[in-house]
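Listed after this line are the structures, all set down as structure tokens.
Below, chain A partners chain B and then partners chain C, in two separate complexes.
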Partner chain A sequence: MADLLNKNSVLRKIVTNVSGVISLVILGIIVLLAIFAPVLYPDGPFEMVGNPFMPPFGEFLFGTDMLGRDIAAGIAYGARISLLVGLVATFIIVLLGTVIGGLAGYYGGWVDTLMMRVTEFFQTIPTFIGAIVIVAILGPTLPNVIGAIAIVSWAPLARLVRAEVKKTVNLEYIEACIALGMSDIRILIVQILPNVLSTVVVAGSLMVATAILFESGLSFLGLGDPNIMTWGFMVGAGRSAIRTAWWMVTIPGLAILFTVLAINLLGDAFNEALNPRSKR
Partner chain B sequence: MFTMRRRALCKAVVASLASAAMLALPVSAEPKRGGTVVITSTPEPPILTNALSSAPVTNEVATKIFDGLLEYDMDLNPLPSLATSWEVSDDGKTVTFNLRDDVTWHDGEPFTSADVQFSLMEVVKSHHPRGNSNLGPLESIDTPDDHTAVFHLEHPYVPLMRALSSLEAPIIPRHIYEGTDFRNNPAVNDPIGTGPFKFVEWEKGNYIRLERNDDYWRDGMPYLDGIIFRFIADAATRAAGIESGEIDIATFGAINPVEMRRLETLPDISITPGGYEGITPMMLLELNNKRAPFDDKRVRQAVAYAIDRQFLTDRIWYGFGTPAVGPISSALEGSGAFTDEGVIDFTVEDRLDIARNLLDEAGYTPDENGVRMQIVHDVGPFGEDWRRMGEYIKQALSKVGIQVELRNRDYPTFVRKVHNEYDFDMTSSWYIGMADPTLGVQRNTWSETINPKVPYGNASRYDNPETDALWEAAQTEADPEKRNEIFHDLQRQLVEDSPLVWLMEMNLVAVNNDRVHNMITSPLGIRDGLYDMWVSE
Partner chain C sequence: MWLARLRYVFNRVLHGLPIIFAIVIVNFFLVRLAPGDAAQVLAGESGAATEEYMRQIREQFGLDQPLYVQFLSYMKNLLFFDLGYSFRHGREVSSLIFERLGATALLMGASMVLSVGFGILLGAIAAIKDRTFLSNMIMILAIVSYATPLFWVGLMLIIVFSLNLGWFPTSGIATIGAPLGFWDSALDVAHHLVLPALSLSFFYMALYTRLMRASMLETLGQDFIKTAHAKGISEGQVVRKHALRNAIMPVLTMAGVQVSAMLGGSVIIESVFGWPGLGLLAFESLFARDLNLLLGIFFLSSILVVVTNAIVDVIYTIVDPRIQLRSNTRNG
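For the complex of A and B:
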């Protein structure tokens, strides 16, 4: 079994993997952009710095939008939101999914039945439409958007964790732990969790990408927080001018594409690094 | 040699131009019968009878089916329609209309003065959203014979004569509606009128088809065989329809302003100016006058100074408007109601400094981050252009130290919070000023129109006895000159007080294919009967 705690070995496997390197480079750039956005563009992404409809690679690297705002500034500040949404939403999803899936898988019986019925209830709601409804009701603010993404996305992870836990819980060493008188919590955290962690890491890394796409989709539909510049918002706002100014939608669209692609590649690299069968 | 050639060339050019002009003139001046015009508008109307609704697209469809007593020229002077002539008594309290005797309803029944009496007194006055402002002082209508209607007014009411169009006061058939529940009468969505076009069918979610009324009372008109209103959900598809020639006319709002500017550059497509002089739409910010910080006149003025109206007109609305001076649109210049004399000019060079000084005076000094106050701006839920305007306003106000949080609300919540509960700081909105300030502008600042049950009234709850007295004087003043003086005073006082911030006079123009002629021949433009519209191939 691969051991995530042995960070060096996992990291080394990712760094020696081509798609892993590509993803780390892209993500590195995006993270740096997010961190240094206020240094690069101290006026913020909403400041109208030039004439509207200026094409890219002129006075402004990525051109300006319909109001004369610098698209590059929007990309930099949008990176912060995308990463924030991706990470926070995934954290909530992983927490909810692991706790519910873990308890259901470990205890079985009525606990399992109850929790899986609740999980199924969330699974029957079409995810994106569910998120739209939640944001429409609660109002478009960033915490609501993150919460909505988490609420509609945790159920599949809970089922995955439950299956993994169920597989592990019947192994002899768990029975030995029970015989030794270990508490349930201790068995779950110390014995079972490390065994399902690789699954959670891989699924979770893909969740980050999904969450970013969800946020972009909501912003595109005008359900994002109007006080925050995000990539999806930029695509949605530029859409009406797509025939006159391609760059307003293309550039933030590419930003979303590369970020999501990089995260997916990283997820694949994690999968290969953590999966014992992929050893060559 | 060279000069000769050039001269010859010039001659040739002149000759060809002249012949082109000669060819072109008769063609464009001589209307041609036949053809169908396809109009796209959005959203699909809730009902098809505008006596019961003021929904914009209901008006666009119904004004082809129904007639009014009057029509208007571009200066908003009345012209005959169902009424051939009229006479106002010396005291201004009686108006006698002589009606046409050759008009029949689309179902063949004759049109009589009883229809006028029924439509205006029983239906429009009480059921049309603007019925009470249009016809309020109208106490009764006498019908001495089938073709005479005598209006009795409580007091002289000049605006009445500007409110009898098919848009505001359509005449509907008494024989179909009398004694029924008007709103549930099947004729509401299967309308019978006297207008140039007859209703044929409405395929919900798709189109409404109207065909030529062969018995229309204007001889030889309408020129068109029919009009089709198409409803397409996506703005880009509507634009593509115009571009491909599948759609002839797109009303304002059906296509994004930026796309309108692109379509306009295409060879077969134009934007015909005008067509909104009779409704004078105005865009504005509503400020909550009963709540800090906008309970202070200086803060309200500071907001008015801080916004660059020219930028807003050019950059957000792509030039489809004129920077506003005050509550009354400059489109009413023809009738003399508009003035900018003695009205505060918010577009002066040092406007930002003035705004900062006003805020200092009001006691809102900047903190270490330069922030004087925080407010919430509820963006009018009318589409993405409005959201973009909200983003601009946020930036513009931040320049004078007002930090704005934007909030997008869905339409029902917006109406409830702003117009029913008055729970807002600042909103963006627009109103139809109509052809007379008493009809459309008054309701935003007259204290009598503060009513949480009726949305789109005086939502800022501005309550000033002086301006109230002026509005009330304008209602009963019979002399047009004196009335205009009252309106000039109102503009000066209201702009000084700035209970609202008037941003832009909206130019609600339509995009049209060049095969459509006589696009705009009245101050209602595309919202009029279109009996004189024709198409060339």
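For the complex of A and C:
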């Protein structure tokens, strides 16, 4: 915990890590692209700006799709959605996972049994098919997509948090807190949560990457919001032209690959900085 | 011993029942949670829903009955594996699903063997040759594959190996209209299987490679390996007979857990390659807005996971005799 609060130390460890630097650079570019998308491409990603089927590195950096839309604009606007989905879904997952795992680990007994049964259910169902069903029934809007991803993905994190809480809950200082008459909520938040935090940060950072992959899969299948340009949708739409226009499927896919790769590397760097003993 | 094993299997099956029951409840309420009339949801959004079609649906699902009656009749139908009727296909949902099960099983089986096999091989090499160029290359490959969307791998393989090189077909499970003998048609299916199976195994291979490397490094550092070396056993023997066998267990555990995720992956890969399994059926039902069929696929694939998990647990007790046949190994 001291590590996490002393930001300099964690940051320095990440910056001195080669893959940490690479990932920060890639992510920086993607974040800037997402922020300045409306400045760079004021017409939006759906505007037809040129001839259809223009190859990349000509008049348009990444070429145009079969409707003459600028693929680079789609990449920039898609970055916003990918990052948004990744962050919001992860926030909900972390919230659900920490609360459910924390309560189960702290109280034990029937609370634990009940919550672990629910967790087990969500770990058993095929998560991607579950998300497909939820979005198909509730409708393809961005909040539904984010909610569906979160609902099917929190279970592993809850298990992780529960295990960590169980480890700390039997330590003597927690007994001392109980003896002092501290309330359960105060013990959970002030005493136990800090011990779990580094685990949650590492798992959560990897969760962002998984959520982005998840979202791209859903939009690839046509389950994304039809009014929003996403990378997965671009690949899915470009499929029909795969014989003549390789770039329509290749470039948005590379954008997903680089983003997810950078977040995974950053997560690994976090892990090394926060848990120095578990180097591998 | 066999009696104990039989009892263990029985208990594992019992353990899966509450989960199946929970899936039934979730399926039942999902449709009724949807905005609007459940009949409208089940009929789909396309304008094809005639008044008669809607009445048929209301009748089939008993939507004019009170909720608990609806639920009881739903349960009764599921008990007899009656998943309802797909009006789009004009057939029973259950027969549609069973027809597609084989193709998915083939694809998943092949991908499982590929990903576990290569994962163990590459992970072991990366651990034995730790801190060498070869090991670094393997780990970079693993990190990149771990970040690659499944559908994109599939499309890239199609561009390179089907469209440019022409080595493999772009889609389908067999050449249409080719009257072949048994061996020739098996070869034909295998030829169609290569790209989808490779695509699906790519991500999981990365997962197993990383896991195997970590597990192998840990095993190689343990005392019994030093003892084996001290006894004068050759390096190859130590790796093969002592380290590998122990290091493999976490990978096998993970492979069992990943069956559920792989089913999701097969929806994507089957849609990319037009592989006529459950996943493509799910994709088609999405397009046709055939929600009842989609729910049927969800239900059956969940059962599939419960059953595979039980089978994996049982296989485990055979592979690793140290695991005791306790009925409640999962409650820990």
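Quick note on the criterion: the second predicted complex is superposed on the first by the 274 of 280 C-alpha atoms of A that agree within 3 Å, B and C clash if a C-alpha of one lies under 4 Å from a C-alpha of the other, contacts with A are read in each partner's own complex, and residues count from 1 in each chain.
Methods note: a residue touches a chain if its C-beta (ideal position, glycine included) is under 8 Å from a C-beta of that chain, and two chains touch if they have at least 3 such contacts.
Being a predicted model, the structure only gives us computed values, none of them experimental.
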Which of chain B and chain C A:R243 touches, first, second, both or neither: both
Contact breadth on chain A, by residue count: chain C or chain B: C
First (chain B), second (chain C), both or neither touched by A:N227: first
Touched partner set for A:P52, first chain B, second chain C, both or neither: first
First, second, both or neither for A:L265, with chain B first and chain C second: second
Partner chain in contact with A:M66 - chain B first, chain C second, else both or neither: first
Partner chain(s) touched by A:L84 [first = chain B, second = chain C, both, neither]: neither
Which of chain B and chain C A:A136 touches, first, second, both or neither: both
Chain A residues contacted in one complex by chain B, in the other by chain C: 136, 139, 222, 236, 239, 242-243
Residues of chain C defined as touching chain A within the complex: 18-19, 22-23, 30-31, 33-35, 41, 143-144, 146-152, 155-156, 158-159, 163, 213-214, 217, 260-261, 263-265, 267-268, 271-272, 282-283, 286-287, 289, 291, 294-295, 297-298, 301-302, 305-306, 309, 330-331
Residue ranges of chain A touching chain C (in the complex, touch as defined): 113, 116-117, 120-121, 123-130, 132-134, 136-139, 209, 213, 216-217, 220-223, 232, 235-236, 239, 242-243, 246, 249-250, 253, 256-257, 260-261, 264-265, 280
Chain A partner contacts - residues on chain B that touch it in the complex: 235-236, 239, 256, 258-259, 261-262, 315-316, 379, 384, 387-388, 390-392, 394-395, 405-410
Interface residues, chain A side, partner chain B - complex: 46-48, 52, 66-68, 136, 139-140, 222, 226-227, 236-237, 239-244
